[in-house]
Structures are given as C-alpha cells and as structure tokens.
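Pasting the structures in now, so scroll down.
The two complexes that follow have chain A in common; it is paired with chain B in the first and with chain C in the second.
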Partner chain A sequence: MTLTEPAIADSEAAPGAGGATAPEPSDEAAAAPSILAQPFVTSDAAAVGRLFVLTSLLLAVGTSVVGVLLSLGRTEAVAPWDLFGGFNAYFRMWTLYRMSFMLLVVMPLLLGVALAVVPTQVGAGNVAFPRAALASFWSWLIGAVIIVVSVLAGGGWGAIDGVTGNESDAMALTLLGTGMVIVALMLGAVTVATTVISSRQTGMSLLDVPPFSWSMLVAAAVWLFTLPVAIANLVVIYADLRGRPAIAFGRAESPDIWLQLDWLVEQPAVYIMAVPVLGIAVEAVGAAVGARSSRPEAITVIVGLFGLLAVGGWSQDYFTAPQDLRDGLVYVAFGLAAVLPLVALAGGAAELVLRGTKTPDRLLDVRMMGAGAALKLLGAAALVGALRVIEPLDLLETTATWAVFHGVVVAGLIAGVVALRNWSHELQISPLSVVVGRGAVALLLGGGGLLVLSDLISGFLADAPDLMALALDGSAALNVVALAGSVLVAAGAAAAAVGAVSALRTPVPAGEAA
Partner chain B sequence: MRTTALPAAEATRPRTVVVGALLATGAVFMAFAALVAMYVQQRQTARAAGQEWFPEGSVELGPAGMMMMTLVLSMVTVQWAVQAARDEDRPHGFIALGVTLMFGAAVINQFWFVYQDTAFAIDGGRAELLFYAVTGAFIAMLIGGMAMLTVTTIRSLMGPFGRDLAHGVQAAGFYWHMCVLCYFLVWYVVFITK
Partner chain C sequence: MFTTGFKFFFGLFAAFCAAALVYGYTTGGNHVGPLSLGWKGGVGDHIGYGVLVALAGVSLTISLVLVSFRDADAAAQAHLQNLAEVLTDQPVAASFWPVVASFGVGAAAVGLVLHPMVFVLGLAVIVLSMVEWTMDAWADRATGDTAVNRELRNRIMAPIEIPVVGALGVGVIVLAASRILLTVSKLEAVAVAGVVSALILGGAWVYASRPGLGRRLVRVLGTVGALLLLIGGVLAAVAGEREFHPHTDDTHEESVEPTGGEHGG
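Up next is the complex of A and B:
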C-alpha cells in the first residue's frame, strides 16, 4: 500500500493480514459505500479534507461576490441601503462578509488541507479520529447553511435600525449556526492536533515534524485557546436574546451583538487564520526550488511565535472602554511584534530560494508564486496592523482594521491554491492546472493588494471612527480602487473553485497517486 | 521535495484518546473561563458604579458548599473508576462509575434547589442573566461528563476491560476533574464573593 492511498485501507486491510482469503471483487463492490453515500460514511481523512476544501472554495466565491456588492455600495454609485434593501440588510451583509470569510472560507479551507496532508506528513495511516473529522465537516456545513439562511431571513449579528417581525428569532438562529461552525472547527482542530501529537511516526520528535504539520499544530492550539472565548460570548448573547426582554448583551435592535464578536475578525485574533499559511509557504517554496531549510528549528520557533501573537480572546473592547484596552501595552506590543516572525519567515523562504535550483520554470512555479504572494499579503497585513496600534496615527477604528483582515483572508485563499497544487497527491486529486493556478494567484494578489492599500489610505483619510467607510471625504477614488480589488478577489476565488472542481473531476493518472 | 514519503507509523497508539480528550477538555475550560471572566468584569463594573449585584441574602452559600463537597468526593470516585479500569477490576469499576454518576445527579438536583431558592428571573438584570449563563453552562458541562462516563460504563458492560477502555475512562476522568475545577470557580466567584 502506498502512503497516499485512502487510509481507510489500512484499517480494513488489517483483519485479513494474517493470511485470510481475499474477498471476492463482487463482495468488495457490495461492501463499498456508493458514491452518494461516501461523503456521509467515509472515514478517509483525505476525502473529508476534499469536502472541506471544495465547499469552502465554493463559499469563497459567494462571499467575495457579497464583497463586490459591499464595495459597490462604498462607491456611492448606488446608495448602499438601496442596494440591499435597507440599513439592516446592508449591516447584515457587511457582517456576514467578515464572519463568512473567516469561519466559512479560510479556516475550513486550511483545515481541509490539513486533514489530508498532516497524516501523511507525520507517517500516520489516517487522522487520529476519522469519524470526528467527518462529524466536523457535516456539523460545519449544517452550521454554515443555518448562518446563510438565517441571515437571508433577516437574522445576522445585530441590527442598526431596530428589528421587525421575526428578525430577533432569525438572529438567534444565526448565533446557533455560528456556534455550530465554531465547535465544528474546534473538533477538526482537535483531530489534527491529536494526529500530530499522538499518531506521528515513532522516533519523530515534534521538532522533526514538517513545517505545515507544525504550523497546523500551532494553529490548532491557538484555535482551541481563542474560539472557545467566542463560544462564551455566544452563550451570554443567546441567553440574553432569548430571555426577553434582552438586557444588555443580546439587544437585537442594536449592533451590540456584533460589537461583542468583532474581535474575532480584528487583530490579533484575525491572525489565527494565518498560522497555517506560514507552513504552507515554507513547504511550497522548498518544493518549488527543491531545497530544505538549513535551520528548520528556526522555522519552528517563528511559526510558534506567530501563533502566540495570534491568541486573541483577551482583546475584547466591548467590556471595557476601547481606549483602555487598545492603548494598553499588551495590545500595542502584540500588534507591533506580529511583523517580526513574518520578516523572519520571509528570510527563511529567501534562504530556501538561494539554496535551491533557480531556473526560470521553478521560480515561476505556481507554488513559488503563490507562496511569495501569500507572504507579501500577510506581511502587508501585519505591517498595517503595526501601524494601526500606533496611537498618534488614529487608525484603530478606521478601515485600516479591514486592511489587516483583507490581507490575512486573501493570503489564506492563496495558500489554499498553493496547497491544491503542492499536495494534490495527498488530496487525491489531479494537480491544479498551472494556468488556473497562476491566474488565481495573480488575481488574488492583485485584488488583495488593492483592498489592503485602499482600506489603509481610507483609514488615514478618516476624520472620525468609521469602520464602514461610507462617509469619507476625498475617498471616492479609493472606494473605486476597493471595488476593483473586490472584483479581482472574486475572480480569483472563482478561478480557484473552478480549478478545484476540475481537479476533482479529472481522474488521477495511473501511478500518480503513488 | 516531498515531505510525505515516510513509512507508516506503528498501528498501536495507546494515548490517542487521552490526548484528544485533553485538548477538547482544555477548549471547554477556556470557554468556561471566558464566561467567568465576563461575569467578574460585569460585577466589577456594576460595583464601581455603586450598584448592587445580587440582593442581600438572595444567594446562599450552604447549598453551594454542599455541591463543592459532593464534587470533591466525585473526584475520588472517578479516579477510583480509572484505577479499576486499569486493573481490569469490573465490580469496582461499575461501583465507582455508578457512584460518580449519582454524585453528578445530586449536584444537578442541588442546582435545581438553588434556582428555586434564589427565584431569579433571567431577564431580571445583568447579574441574574450572568448567574444563569454561568451556572447553566456548568450544568451542561456536567451532563456532558456524565454522558461520557455512562458511555464508558456501557462499553465496559458490552466487552472486556482493556487498554482502550481504560484510556476512555481516563479521558472521561480528566474531563470530570476539569468540571470540578470549573465548579470551584463558580463556587468562589458566584457564591462566596457574590
């Protein structure tokens, strides 16, 4: 058996390993689940990983289209309220865009890659809890559907213009869906972390674990430190929302609900999505130029440090005066220090390039381009994050917040594209087409870059806190740039999704899987 | 360069269940600690503004202390169950798991009494809301722990004790100890310092 065969083969082959007669082909066919049933019963982590990757890329297309509409609203070509049918509808989409990119796109995308790749990297036949991985996917998907449907039904994370009819009930449903999605992601994180800790090859220490697996271990630990805090927020909000009349935390008619959860999509917690990007980038560069790092332990420390700086449950300004928290030394230190590991990792990637083969085809490899693009966007996001915490610049409650967010999520999407190319064997798909891969990376880099730039400059232009960037003097041109960026990101996400579907549909060539 | 061309690891991975349970237990503890942190922060804000948190005498320490004692006893019995599973001692394992479940049920019953005694309304104010959020979350966690113990008990009824079951009971034991630690926070923060 090869390492890249479905791991279920391991466990199923074991009973017959003692010399029992091989089952008849007809018996095997009868025992194997049908194609339709497989997604519901499979215990092959690669299959679950593919489900995560494909679904999250499809959701990426939908989310980025919402982003295009929101950017269109910023240009004032159409009044944003008219575009969506009211103030609350605009707010719902504005918040959905942010939550969806984090919880329904980037985190599940990288988790899906990890479920397929980590077991093979650490020499395990399968993930530690394959059925938990499958449960993680389905509960995540059901939660995602609940979120989307409830938001479309008038729910969401609060309102800015009162509530009517059953909107409060729909909000309760949105909170339930959010909780389900977060618990599902944590379940997947436990599965991946346990695989690295407990199922790795005998004799392989944690320092010997390949960079991506290490980055996923760090990411899983950070997710398990950070996401439960959001669950606590949800419990209190939900209890208040349903204990009518709501007292403080669950007031449906105000944006309070969002203000208790927005720390998830702001720094430092926003970086929890980016930790696996570091591992993917290092491995992709190494694979493209055919080199290994001379200081793998340094990569380990850098990724660990970045993970530490992404722990963010403590940074909730809803419960204190914002200036108390955000002018605090810890918050500023986290914001400034996040740049350092990224600079160090860029140095590590550069060292790989210097040590490797530098032929044009290798340097223009999708993995090389994608890793470079992801690191550039992530670095830009961290740099903006560092500027944002410098008090005299007054960027805290401005669109600079979303420059950080956009840099991180688009870097995550690019990392997903790189992973599809780099680990097609492990995902058991055909390699992502070079043209599609390069196109997706270029579109995402261009779009992400424009979004980061326009959000940052809009932040500098803002005279007063304005996170929605709807009333900025002199920023009309920037809003057009943001629209162009959103369109490019949507096109890049669509290219990645089409590439993934195509790679899934194309049969893996004979012998390729080995 | 491939980083995946490694031979498969040995099939025996004895502590996988324990490691997974520890990670999940840590996540549950983080959620509960965040809830308690919110409670403490809101109480601090209310007191700083000169507001009363709970009406004088509405929250009694007696039942809460009884629950603490019950849960401390349950820590002993759950560890007894873990040891019995390790020793493949079926009678003691059943007794220990059964007694632990009984202690868990007793604590839930005691909480019911506390709810009746305090007669708080969930929409009565921030204090009442957070009281129910924190204690309700604890009860949900405790029920989860009882479910884990019940599953391991049923598994032991259906087959022989062995290493897998011992690790399952050990994992449930870790979770149970974490629940008791969480109740200690509730006891101190909600009932003692009020």
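Up next is the complex of A and C:
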C-alpha cells in the first residue's frame, strides 16, 4: 500500500462521473456516529441540511414574535419605547427583526434544503465539500448566538440615543457575529454551487439541471457577488467603532451603522433570498400536477434574469446622496424589471397546471397551494418594489420598503414549507403533515399579505420619510392590520416549525429514501 | 490531470512567492530585486526573503514530485492495479474538526472584543483545526479503503497528537489541581490530595486486576473525574487562593496579600 494509491478525482467528482463507481464501504467505515455525536461530526449533507432547516425554523418563530411586539409598538396600545425599555432598545429589536429574518431564517432555511436536495438532483452522492457544509452550519449557529446575545446585551446595528462603553463592546460583537453568519452562508453557498458545477452526473449539462438546483446555483452566485460587500461594510464600521477611524462614518451614537447596512434588506439586494423560491415553486407545481415544463430553458433564463436583478451591492446610498443613486436610471430600471421574470415564471407555472392533471386533490396539494402563495407574495413584493422606485409616488424612504421585505421573507418561509413537503425523501424525514402544511401556508399567506398591504398603504399615507412608522398619524387602523399580519406570520412560522420537528422525529433512512 | 497533492503544494508555492514579493518590497527591496531573486536590485530583508523563497522552492519541488508520481490520481492507480473501473467516490469520514474550527472562529470573534487571550486561543484552535482538517481530507482520498485511510492518517498524526494532547491534559490537570489545593486550607489540601491519590491508585489497581472491566465504564468514570477536576479548578480559581503566612527573620508569621505562584508555609 502506498500513498499514491487511487483516490478521488481531481475535481472531487461525483459518483458516476466518467464511468466511475463507488467502492463498498468497509464495516468500520459503515459504523455511523451516534445520534448525539451526529450533529457534530456528520459528513452527510442531508443531515447538515436538516440541522439548518430545523434551527432556522425555530429562529423564525422567535423572529416573528419580535415582529409581533414591534407591530404592537406601532399601535397606540403601547408606546414603542415602553415595550422594550427605551428608544435604543426598540431600535435594536427593529433592526434585529430585519437582519434576523434575512440572515438567520430565510437564507439558511433555503440553504439547508439545497444541501439535502441538490446532490440528489445532480446525481452526486454528497455535496462537493461535506465538511465545509458542516462548518458552515456551526459557524452560522455560533454567529447567530453571538448576534442574539450581543443585541440583548445592548449591542445591535447602531443606536440613536448614544451608547455606553459596554454597549459599544456589545455592538462590536454584533458586527462580528453578523460577519461570521455571512461568511458561513457564503461557505454553504460555495458548497452548493460547486456541487452543481463539478459533481453533476456524466452527460448532464448545466442547462439540464432541475430548476431548484439551477436556482440555487444562481442564488449562490448572487450571494457571492453581494454578501462580500456587506462584509466590507462591516470591516469599515468595526474599524470606526473600535476607535481607529477608517472613514469615520460609523458613529456609534447614531443609527449610521444601520444606514450602512440597510441596503442588504432593501431592494434589489433583498431579492437574493428569493431566487431559490422560484426553483422551489416551479418544481413543486410540476410535482403536484405531474407535469414537466415544455420550455425548461425558458425557466432557466427567467431564474437567471431574476438573479441578475437581485445583485445589490452597488445599491447602497450611504456614501452618496440618496437622490444620486435611488433616483438614478439603473436603480429604477432594476426595480421595474424585477416584476418581469416573476410574471414570466407565473406563466410557466400556469403552463404546468394546464398540462398536468387537474383533479381537486392535486390542485389543493400543499405543494400547489404553497407554490402559488409564495409566487403571489413575491409578485406582490416586486410590484410594490416597482411602485417604490417611481419617483413621483415618494415611497422610497417609507414603510413601502418593508412591504417589499415582508413579501420576500414570507415567500421564502412558504417555500421552505413547500420544500419540506416536496423533498421529504431527500431530507430523509417523514413527509410534512398535510394539515400542518396547509395551515402554515394559509397563515403565512394571510399574514404576509396583510403586512405587505398595510406597509404599502402606510407608505402612501406618510407625509415624510418614516421607515420605522412611528409618526404615522391617522393610520391606527393600518397599524392594527399590520399587527394582525404579524400575528398570523408568527402562527404560520410556529406551525411550520412544529411540522418540521414532528417530521424530523421520524427520519427516513437514506437507503429507503432513495 | 493535476492531482490533489499537486494543486495543494502548487498553491502553497504561489502563496510563498507572493509573500516573498510583498516582504521583499516592504523591507527595502527595490527595482526588480524581489522579482529576480536579487539579480537586478535589492531584496530587502535577506533572511525573511530567503526563508520565504526557500519555502516556495520546496513547495514547488514537492508539487512536481506529486504530479510526476500521480499521487491521488484514481485513473493512474486503476491502471497500475489492472482494475476495470476507477474508484473515485470515497465516503468522507466523520470529523469533528469543522465544528472545532467554527468554535475557534467564534472564540476569535468574541476575543477580539473581550480579551486578547481569548482571541489568541481562538486563532490557535483555528490553525490546529485547519491542519487536522487538511490531513483528514488527504487521508480520505489516499486509497480506496477507508480503514487503510484511517490508518495512514493516524500513522502521520498520532505521533504529533498523542504527545500534544497528553501534555495539554497533564497541564490542565496540574493547573486545576493546584488551584484547588491552593484554595482550600492547608489541612484540607492534604486531605484532598490524599483522597484523590488514593482514588486514582485504587481505580488503577481495580482496572489492572480486572482487565475484563468494560471500556465504556472506564471511559465514563475517567470523563466524570476529569470534568469534576475541571469544574473544581474553575471554581477554585474564581474563589482565589487562601492567605499565606510565610516565615520571616523578624517574626514567625506575617500575613501578606496572596500572590500568584507563592508557596508559604
């Protein structure tokens, strides 16, 4: 035996590549780690995917509860600063809600699904870098813990009423936790993208990969184009905050920190979460009615176009006058054009329904309902986004911004529910209960719809820019509608989490899953 | 075409070349000296530049050797062994190093804000994890047999791991035990040392006389004992050392403030 004996091919190739076969694992190798040790040592991407899905859904419940409290603060029932113990605390939770929904809920949820599903779809035995996938999950989780703990300890992404020394430290921790979470998500994205690019079955071209895998490849590319810009922002802010002025923009005593990062949760960058939703929706509709698209290449182009329109690192207006960027042609064009691929994709989904079996049970399938709900919310978000960039409507710095955000994140949550139902075999779990699935989809659709609607109308009613919606006189009824929406979203997230926990408690062995 | 080993060491070669250039130009190198190995201009600090260039040369040599001998090339090996099919898909062995690396990154992040020692500890954990992870990744692809792969990995890493882990273990035990003995009173310290010594001796005697004793039981008892010692050490460190009364020439005993490492009596 020498050190030059056969090994995996240069590109860490998939099984089946070049007529290759997998060797029989030895008895020792077949010995799986114990159930307690598995989350810490597993090299099975499906197991890592399950960890991502479960943890992000649990965090979705916590985040949506924060959303309920924030909505309560918008009503006249409780003053916002009384609710959390001060204006700074309210601002902290307000920013946490947004960052958490994006970085701790929707993106990891869809990444977890991808880690389990993509290798199967492209004919690989596992993801390209299974250990990197595990590191991605744990780095993300540790970063999430650092973020939550530091925000609760007085940190967060800036403050409005000034900070003490301890709060400055906590803020620095929040920034580092955010960076860690972003890097972890990028690591997961690299793993998924590499799997699609280099571990495909022999003879499968990139245009042949199923829509979800393609959408994840596009999403991963967009994440890798966008998230490093946020890392650069974090480095500048951190240097400023620690007393070594970099550009001296990140003053801790003002919300400047948030203003350097808010582009991440605003259009067009907010759409980076939604790219995989397109792939999930198309595949779920197809699976529900038992049909395949007659124009798969059109779906490929549509998803790619939407991904292109989601690249958003360039759209931050902190370093330039807002009117220079956000009234500019490119920003307006991106905002308007984002509607087109969604309309086209809705057409593609409708074609699938027309070609497929249209029995009532299929049309009321959780996957069908969920895909429709996700596309509706995403379409509504893109439509609001298009209205938002029309300058005469004066919606830019209003709650219309959050109408887009809410539409996208709730669509992402619904897509997660659909994925749990559609790919239970790949995730090696029992299928999500129909009742729970339908309930979660209905609650999320209702809640998301109310949030989009109330935020949009509040934006129209605002006399002046008011992102936090704290000075909206005469919109009490709308604030109550927003509260109802938040409650429904929280209930939907809880239903999804309960369904996922229940499904994960009865895992399906990999052999049976295949 | 290019084997895994070649890519790794060629990457190292490129990194060392870049480091040598940066180091050369930032330490006084001029013209094209750092680019031409000092032929046309100065290279800056000779020692540092020389070390980096030497490392680059070694990496390049190893990479060329590896690609020449087709290290980790499944097709070449299949040809040598007259195999009909190429074995390419080795199962990746379970490894806890990714998790350790993640905790290292977390510790470094927290340490960056809270305490430099935690930051350094985090960095050390990251470096350790990277080395171990790299070895695991190489071993996974070394042969077509996972058991042999594990053996190969252990043959290289065990001579490093066992002494290091042993030294760390002894260090932790000594540190924790010393904290406990320095916290309790003199009489209690003697009693604690006596009881613990007797327990260790008794346990070892039982284990030696009854080899059939379950390994799991021994492992559990060892883990529980180590945890108790660690917890006791942490609690003792938090409580602080007892007051010491050293002998002096003028007086028999004098109360002094406790200082680290002082042993009175």
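Throughout what follows, the second predicted complex is superposed on the first by the 471 of 514 C-alpha atoms of A that agree within 3 Å, B and C clash if a C-alpha of one lies under 4 Å from a C-alpha of the other, contacts with A are read in each partner's own complex, and residues count from 1 in each chain.
As a convention for this text, contacts are C-beta pairs under 8 Å (C-beta built on N, C-alpha and C of every residue); 3 or more make two chains touch, one makes a residue touch a chain.
As the structure is a prediction and not an experimental result, all values here were calculated from the model.
Of the two partner chains, chain C is the only one that A:43 touches; chain B does not reach it.
Once the two complexes are laid over each other on the shared chain, residue contacts for A:121 go to chain B alone; chain C is not touched. Of the two partner chains placed by superposition, only chain C is touched by A:131; chain B is not. With both structures placed on the common chain, the touch criterion links A:180 to chain C but leaves chain B unconnected. Residues 3-4, 10, 14, 125, 132 of chain A contact both chain B in one complex and chain C in the other. Those residues of chain A that touch chain B in the complex are listed here as 3-4, 10, 14, 117, 120-125, 128-129, 132, 186-187, 189-191, 193-194, 197-202, 204, 210, 212, 220, 224-225, 227-229, 231-233, 235-236, 239-240, 243-249, 283, 286-287, 290-292, 313, 319-320, 423, 425-426.
Within the complex formed with chain A, the residues of chain C that make contact are 1-4, 7, 69-78, 81, 83, 85-99, 101-103, 105-106, 109-110, 112-114, 133, 136-137, 140-148, 150, 152.
On the chain B side of its complex with chain A, the touching residues are 1-11, 13, 15-16, 19-20, 23-24, 26-32, 34-35, 38, 41-42, 45, 122-123, 125-126, 129-130, 132-133, 136-137.
Residue ranges on chain A touching chain C, taken from their complex, read 1, 3-10, 13-15, 17-23, 25-26, 28-29, 32-33, 37, 40-43, 125-126, 130-132, 134-135, 138-139, 141-143, 145-146, 169, 172-173, 176-177, 179-180, 184.
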